[in-house]
Amino acid sequence: MDRTRLESFSDGVFAVAITLLALDLTVAGPGGPHSLLWKLGQHWPAFVAYLISFFGIGIIWVNHHAMMNNVVAVTRPLLYINLALLAVVVAIPFTTSTMADYLTAGGQDSRVAAAMYAGIFELMGLAFSFVFEWMLRHDECLRDPLPATAKNSARLRFYIGQIPYLIAIGLAFLSAWVSLAIVGVVAVYYIFERTMPIPSVPRRSAR
Amino acid sequence: MDRTRLESFSDGVFAVAITLLALDLTVAGPGGPHSLLWKLGQHWPAFVAYLISFFGIGIIWVNHHAMMNNVVAVTRPLLYINLALLAVVVAIPFTTSTMADYLTAGGQDSRVAAAMYAGIFELMGLAFSFVFEWMLRHDECLRDPLPATAKNSARLRFYIGQIPYLIAIGLAFLSAWVSLAIVGVVAVYYIFERTMPIPSVPRRSAR
Amino acid sequence: MDRTRLESFSDGVFAVAITLLALDLTVAGPGGPHSLLWKLGQHWPAFVAYLISFFGIGIIWVNHHAMMNNVVAVTRPLLYINLALLAVVVAIPFTTSTMADYLTAGGQDSRVAAAMYAGIFELMGLAFSFVFEWMLRHDECLRDPLPATAKNSARLRFYIGQIPYLIAIGLAFLSAWVSLAIVGVVAVYYIFERTMPIPSVPRRSAR
Amino acid sequence: MDRTRLESFSDGVFAVAITLLALDLTVAGPGGPHSLLWKLGQHWPAFVAYLISFFGIGIIWVNHHAMMNNVVAVTRPLLYINLALLAVVVAIPFTTSTMADYLTAGGQDSRVAAAMYAGIFELMGLAFSFVFEWMLRHDECLRDPLPATAKNSARLRFYIGQIPYLIAIGLAFLSAWVSLAIVGVVAVYYIFERTMPIPSVPRRSAR
């Protein structure tokens, strides 16, 4: 089984999930005492959340893309691990809209919503770690396996990359805004950093 | 006609259907006497149903993938049989949300909703059996046809695999929960079992 | 420009449009004096309309698939003609849900809704006729162009195939049900007939 | 990294975004004093906006298609630039439905909504200009780079192409209708003009 359909199905799911984010871009219709600009202003957390989640899913897609590029033989367990990753990705629009709704309401609920939001990215990292471990353990399925001596340090770097989301979950209970800011900063970091968050993929494959 | 577009269209439909499941992941907005956690707790059947249906559709996709891998020539009847299968897949989000809505309400309606839910998976098995019969009867379209002597036992094993869903439909009228549990257990079984539910696909093609 | 991306984009649009049909598969939530079965029964036109439109879009996809199979060079006008066809396909879920909503209400509005429904399939035929004319006039872009002597009879057969939808539009103003039945019968006819509705595609390409 | 998955993911996003436009094609259900035809008539801005946005996204797709056709090596920055372009495309259905809702209400809000609508197309042009600059600066990633002497004139022609949207934003504050008409005329212009709006793509690749 080659990886073409795994990629084409995953691309479809990523594409739909990233587009469903836009369903939260709504604004109340005409009428009422307020102007359109005022109503748009009221919704600003939804617009910020849209951008963070859009690039969050986008980064997951870029990394998925880079990892799968290295896979030459797909096994059934990888298909199911990949499904678990997609199940998390597809839930991102839900946590995004929940957070956007509750953020301006403030109080304890806004902190729970922010923790959920950071939590879904942490779950995504967890699902990615299953893909990552599968790759470390199936050299025979890879075009370009890591040398055995490099595996533990790659593992270490990968798991360190999960820490910011754990911090964001914890800090959510102090401030929803700080938690959201961490998730946003991590997204920006991954966009501008040339180091790939998933170190098992050789740098040159990014050309 | 090769199978590329059949797969690409089917992958698209699977991807959209599996992502639409997430539209049921909603929670009431801020306000009211209850906390966000309480509201999420009220929705737990929707979250369980999301997971079962997500992996349910995912398993169908994996099997679709494995079967089509064996097809080298696509005929028009196969296109329409495949459409019938997709028509069932696309209805899964509807039966999922109906079941999630009615499960906590209890009473006779919850049992009807659970029977509908098990029923859509049974319909899916039925649609798959048309694909399966098409494959058994079109050796000339397959890369790797089953030997004639193995066809009847493959058929038997395939149809036995439909029995759990029939049981789930029947038991739904005793208990919605038992019915849902059976559908969930079947999904878990197919994930961990290495035997493919569609026996005409040679095991090695899963590599 | 080869046809890969034209097909992949079109397949995506077909897949989303066919899946959006399922958004009309809804039923009122628990509560109220009526049982779930009664509520489902009230919605039966939506279920019938879902099936007819699903196979309607499916047949368009099969024919699109078969026609494009014959194209080896894509020009910009073909991209825009194809876009026009997709714009019609994407409007099918809207006319489907409008018809389903108005059918049981009866009266003049149900007839207008049925005419709209038949009308969108007629528009689809019209958009297909632009693709068809493009193919008849660009032999140099086809793998397997029709001989010049066969073009007029192919054209005739193609345009005769549009007549049932025109009849369905006209009869809608006498009876919505008759109009719907004609659209459904045409769909069934195209599924079971081996003759392709678009005659320029040689039969053997269906293998 | 080749461009296959970049195209397949982008095609998925374009396909979902263009199909989501159809979610605004709705009409009030049966009942009330007005006929279906009257209700459809009330919604006419939504139908016009659907068509303009459908072909607007379609044109972006055609140009994306043509530009990517010239790319033989995909870098990570291009992936993120492409994500930014997609983030704009996915927001088009939102600005479309907002404009359709506010257009008939008139007043200052209709002008703000029209400016937003023209603005999203201007943002799209801006995102395209990043893709364009990437192409001008990465000859080594292109199959068919522009000669150095032609780059500045290509740049000039490209940026001149952005002016109509800027004018549409400005004129929106005088008249929403004039602004909408400009966006529509630009779409029609790009459909019938044989000159590609993105001049770095050699004309012959359109065959």
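Quick notes
Letters are used for the chains, namely A, B, C and D, taken in the order the chains are written, and counting of residues starts over at 1 for each.
Following the convention adopted for this analysis, a residue touches a chain if its C-beta (ideal position, glycine included) is under 8 Å from a C-beta of that chain, and two chains touch if they have at least 3 such contacts.
Quick caveat, the model's predicted, so the values are computed rather than measured.
Taking shared numbers over all numbers used, the chain C to chain D interface scores under half, which places it in the different class. The most distant chain from chain A, with centres taken as the mean of CA atoms, is C.
One copy, chain A, sits rotated relative to the other, chain D; on C-alpha atoms the angle is 90 degrees to the nearest 5. In whole angstrom, the spacing between the mean C-alpha positions of chain C and chain D is 26. Between chain B and chain D, the centres computed from C-alpha atoms are 37 Å apart.
With touch defined as above, residues shared between interfaces to two or more other chains in chain C number as follows: 8, 11-12, 15-16, 20.
Listing the residues of chain B that touch chain C in their complex gives 1, 5, 8-9, 11-13, 15-17, 20, 73, 75-76, 79-80, 83, 86-87, 90-91, 93-94, 97-98, 101-102, 105, 108-109, 112-113. Across the complex, chain C is touched by residues 7-8, 11-12, 14-16, 18-23, 25-27, 29-31, 35-37, 50-51, 54-55, 58, 61-62, 65-66, 69, 191, 194, 205-207 of chain D.
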